[in-house]
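Naming follows writing order (A, B, C, D, E and F), and every chain is counted from residue 1.
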Amino acid sequence: MLPISFLVLLLSSILSPSSAADFCVADLSRPANPAGFSCKKASTVTVTDFSFSGLGATGNTGNIMKSAVTPAFCQQFPGLNGLGLSAARLDLGLNGVVPLHTHPAASEVLLVSEGKILAGFISSSNTVYYKTLIKGDLMVFPQGLLHFQVQSGSSPAVAFATFNSPDPGFQITSLSLFGSSLPSPLVEKVTFLDDEQVRKLKRVFGGTGQVLKYRSRLLL
Amino acid sequence: MLPISFLVLLLSSILSPSSAADFCVADLSRPANPAGFSCKKASTVTVTDFSFSGLGATGNTGNIMKSAVTPAFCQQFPGLNGLGLSAARLDLGLNGVVPLHTHPAASEVLLVSEGKILAGFISSSNTVYYKTLIKGDLMVFPQGLLHFQVQSGSSPAVAFATFNSPDPGFQITSLSLFGSSLPSPLVEKVTFLDDEQVRKLKRVFGGTGQVLKYRSRLLL
Amino acid sequence: MLPISFLVLLLSSILSPSSAADFCVADLSRPANPAGFSCKKASTVTVTDFSFSGLGATGNTGNIMKSAVTPAFCQQFPGLNGLGLSAARLDLGLNGVVPLHTHPAASEVLLVSEGKILAGFISSSNTVYYKTLIKGDLMVFPQGLLHFQVQSGSSPAVAFATFNSPDPGFQITSLSLFGSSLPSPLVEKVTFLDDEQVRKLKRVFGGTGQVLKYRSRLLL
Amino acid sequence: MLPISFLVLLLSSILSPSSAADFCVADLSRPANPAGFSCKKASTVTVTDFSFSGLGATGNTGNIMKSAVTPAFCQQFPGLNGLGLSAARLDLGLNGVVPLHTHPAASEVLLVSEGKILAGFISSSNTVYYKTLIKGDLMVFPQGLLHFQVQSGSSPAVAFATFNSPDPGFQITSLSLFGSSLPSPLVEKVTFLDDEQVRKLKRVFGGTGQVLKYRSRLLL
Amino acid sequence: MLPISFLVLLLSSILSPSSAADFCVADLSRPANPAGFSCKKASTVTVTDFSFSGLGATGNTGNIMKSAVTPAFCQQFPGLNGLGLSAARLDLGLNGVVPLHTHPAASEVLLVSEGKILAGFISSSNTVYYKTLIKGDLMVFPQGLLHFQVQSGSSPAVAFATFNSPDPGFQITSLSLFGSSLPSPLVEKVTFLDDEQVRKLKRVFGGTGQVLKYRSRLLL
Amino acid sequence: MLPISFLVLLLSSILSPSSAADFCVADLSRPANPAGFSCKKASTVTVTDFSFSGLGATGNTGNIMKSAVTPAFCQQFPGLNGLGLSAARLDLGLNGVVPLHTHPAASEVLLVSEGKILAGFISSSNTVYYKTLIKGDLMVFPQGLLHFQVQSGSSPAVAFATFNSPDPGFQITSLSLFGSSLPSPLVEKVTFLDDEQVRKLKRVFGGTGQVLKYRSRLLL
């Protein structure tokens, strides 16, 4: 048989090191754009770019939520860049909760791997869908909708979430309201919550908000 | 000159009545799928499918929010189907508010056409961006993030919102929590709000939630 | 209650300053790519990146078209980058016209805010859809199709257009033909217009086109 | 070795006849939606759905344009449905022209297979890009931009166009203006063409337009 | 406080039962199109549409591959329709293998939950990336590329795969070649495999292929 | 008539040199990202960026496959960047073959321009679709599926392929298996091929694979 060098040369000319045809491992040192990060040179890519061991360890649930969310997003796992997927590990201690939240840019599939989890979401028409999930169960949370996970049963729970975006975002409603600098009068105005409730939770979640000054300026 | 009948015949054969090449006016009588509604036959489409007069009238702001949101989504304006856009009118009476909400499937551009509006959004990293907008000002709210609009100044305000989806969704946080059937213990668990606060707002927004029964079953 | 510092630290590590999860304000100083511009560092982003006041003033309609189009595209309003939306203001003096044009990369929703506008579009199968719109009326122009807006009634008109792209493009047919360097013989060949008509409008719109030289070279 | 029947059964259960995973041959008898046509049952699909012989014959160029465009769009070639591609054959007789046109929903790659073709397009900023192409040459026309093809050299020309949409649309500017029902005063208003020119070309291209009646009603 | 009935009525009118804004649970009884299946009426949707228990049980690995792939694709889990995600469970007995395969329409993230798995993929430029994964490890397989999973270590392994498509497809190279009706001479021609090898594996995988008849007709 | 300088100035301000609205010719000297390459400055773009002459010449078929594939992908034809299309020329000598392969990121339309070609693909459910194509025939190969082209008839054949991606990728199954560094025991494990067959084809296609060392380490 004849050598195939001609074909091989030809093919290798098709697939330059900076081609995005197959994959595009994120170069986190350069600015992103709406499609994600710049690609690392293919010659520097190794199998470690496509694998990630950070979800193997139990998260630290010693906090007010008795839970931990460990992300494997594009920042942590650069091989995901451009591939439309990311993941996270959820650890829920006894009475643990991943509070009401959304992922602005992604749907989520949750897989329970230990314990029981009461999980649910609320639709735009204010219908509630929730269920207690056991080991091996899946639940899907449609893009952008409010959802939550609560430890159920008698032992801690572990679950793995997958998202259809390398960078799904994660907006916890109570942190947005009570852990941000949104002034209390505005929080109250846009949620109908009482001032006392807002002040109490701002203290818990570390929110700021120059309350009096703001109130006078905006005449809310 | 020769007749062009051959070409005209040929061209008309390209563009069949059910072609989705140019547009696809929604046939709301048939089920949708993830890409939207089935197309009406092109032969029955008229200019009225592509225009909509429902945003010309002032909305009724005689409600607890002192506001009205009048949608021109695909359901109201079937010509939008498949074209990646929709709109809505916001009327804000004195002290009116469009409470904290998200659009799960769309970004929004707001145009103020009367009065002043204090508008803002909160990012996934709990940073708050807000500003008082006057007539002619635009503000953009990125997809899926919590945002709000509050009447400011001394007169009612009007604004028009446009979305990059024919069906952007509209999830008001307080209605999801207090106007749904999500049981009070779950609301409290996933938001850290007090029981008294939740019960009070459930009464305001009409939420249900067989509270005691549920609490005993789930042992929250 | 325990401090939530662990969770907060963890969350802040998810959302790096260069993350494109929530938004990606354009850094106009760097080259774009097909998905848009590079993101500014999140730490330098402020609410002014997400708002725009340039559409509040009346455009100058003292020109041959008696109209003005003021854009709020990604170049003018960098917060739109990656969010799939942009806007423009149309001012139409008496007898004003936004001539026949297309947006190559976007559909458009038009909202009339003052006066009356006769607006229409033509489909690929040469069907014409047009209507006189009044204040508060919407009309949608499907992506890439020829459309126009003409002042109607007895007073100047104002409208706001929104597009489902941060950079929709704007190709005015008569400017493309008569304000470009396309040689007159080619213009005539591809449009069937008369030479006299083409020469007349080239003078109006400032088009060039080394006419005689070109004609001899191409033997059109 | 053991039989693999279990695996085969399992796999066949994954891929039901109505699955859109691999392909979705158009069932033209049902209404389309913005994503295309419904899929034929996989059990009725044969290789003839994925092949098309209609571009093998020379088109009839005995018309005013001395050209023919033979489409292989989704309507003619149902296997293209959902696959993001379509094609067309161009026949250009001596002095033939495919007049100025756009494809509202697609970019185009042109391959010249016989003769010479002068092809070009005009950008949104009124820059003209044109070139004489010979056999084997490619040219790309970006989505939605005005472009044209003119026979050049001494013999008829043939070319094949491919589009990145199964239904790219095809809007010929002169047919839209002069072969439609757009009233002459409106044509003149939105193009700056002279009345005499418009009337002349309306006679050539068969356009209608109740001219006087319309003029009085709209006061153009 | 005033009743909010007006707002509630208004909002419920936005979100009709057939709206695709939030989700679109597949109605598997109707034909799909390239965007997926038609939506079930929202009034008939329950939480069971959004959850799935079929991945909790160990798959039957008593087959030639000593492995089982249990899908949770749109066909099995209709709530995934339109949400851009699906999942599958992999059971690998001792010496088990998920043979070389691709998913034509999706990238994949693999999570190992028990045992050790040697997993890898091959790029378009014939570079091989493989690694032994342990419990908790993730690996990503870019869209459309050949990849495989092999049981490693001393005990059976379990893994969960997630895909960024509700219907990712699953094409096993050896089944395509040796379990299909592709005639042996063609298999040999397009793979360079020996006739003896092809005949042997056709017997194992149940492939047909009227060998002699075909060979004479095609003169391969 | 008045000068139109105001409008022209305004329009030119809309369309900055780095705008991606119309096109984005690849600057191959900068890193790509998942959406493609950075755009060259519009002021340096000429018509030669949008045309390509490299497919006019016959490819060299003096190799083991008796075929040549000449690409016009984004690397060779930078004007394709961001436009969703690319092309390639296939030359098939007598008995020539483009072996079994996939394009991970694109569907393909093949146009036969000389000779006869037996072309086919295999679906995820192992159904085979193949046909002998003659000059002028088209065939579509759905995204990511295994397909092949074989010279048929009595003379060499030429065909042109178009892809709905500027960078479709090209993965030849036999090169992936036998021309890569995938160790022979792994090749055998994931394909069920015999060791003798694998060793023979590795010699033909130049594959490496430290066979013995590897076998002992992995205990396959």
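One rule holds in what follows: contacts are C-beta pairs under 8 Å (C-beta built on N, C-alpha and C of every residue); 3 or more make two chains touch, one makes a residue touch a chain.
Computed from a predicted model, the values in this text were never measured in an experiment.
The chains touching chain A as well as chain F are C, E. Chain pairs C-D and B-E differ in how many C-beta pairs they share in contact, with the greater number at C-D.
Fitting chain D to chain E on CA positions gives a rotation angle of 120°, reported to the nearest 5.
The most distant chain from chain D, with centres taken as the mean of CA atoms, is A. Against reference pair A-F, the listed pairs A-C, A-B or A-E yield one interface repeat, A-C (criterion: more than half of contact pairs the same by residue number).
Rounded to a whole number, the gap between the C-alpha centres of chain B and chain C is 24 angstrom.
Per-chain CA centroids place chain B at a distance of 42 Å from chain F.
Our note on geometry: chain C versus chain F, Cα centroid distance of 35 Å, whole angstroms. In chain D, the residues that touch at least two other chains are 11, 14-15, 21-22, 32-37, 64, 104-105, 120, 123-124, 127, 130, 142-143, 145, 169-170, 175, 179, 204-205.
In summary, the structure contains touching chain pairs A-B, A-C, A-E, A-F, B-C, B-D, B-E, C-D, C-F, D-E, D-F, E-F.
The residues of chain C lying in touch with chain A in their complex are 1-8, 10-11, 13-16, 18-22, 24, 27, 30, 32-39, 41, 81-82. Chain A meets chain E in the complex at residues 11-12, 14-15, 21-23, 42, 46-48, 50-53, 55-57, 72, 77, 79-80, 83-87, 89, 107-109, 111, 113, 120-121, 123-125, 127, 129-131, 133-143, 145, 160, 162-164.
Residue ranges on chain F touching chain A, taken from their complex, read 28, 31-37, 60, 62-65, 67-71, 73-75, 104-105, 165, 167-170, 172, 175, 179, 204-206. Residues of chain E that touch chain F in their complex: 64, 97, 99-100, 102-105, 118, 120, 122-124, 126-128, 130, 142-146, 148, 150, 152, 169-171, 173-182, 186, 189-194, 197, 200-201, 204-205, 218, 220.
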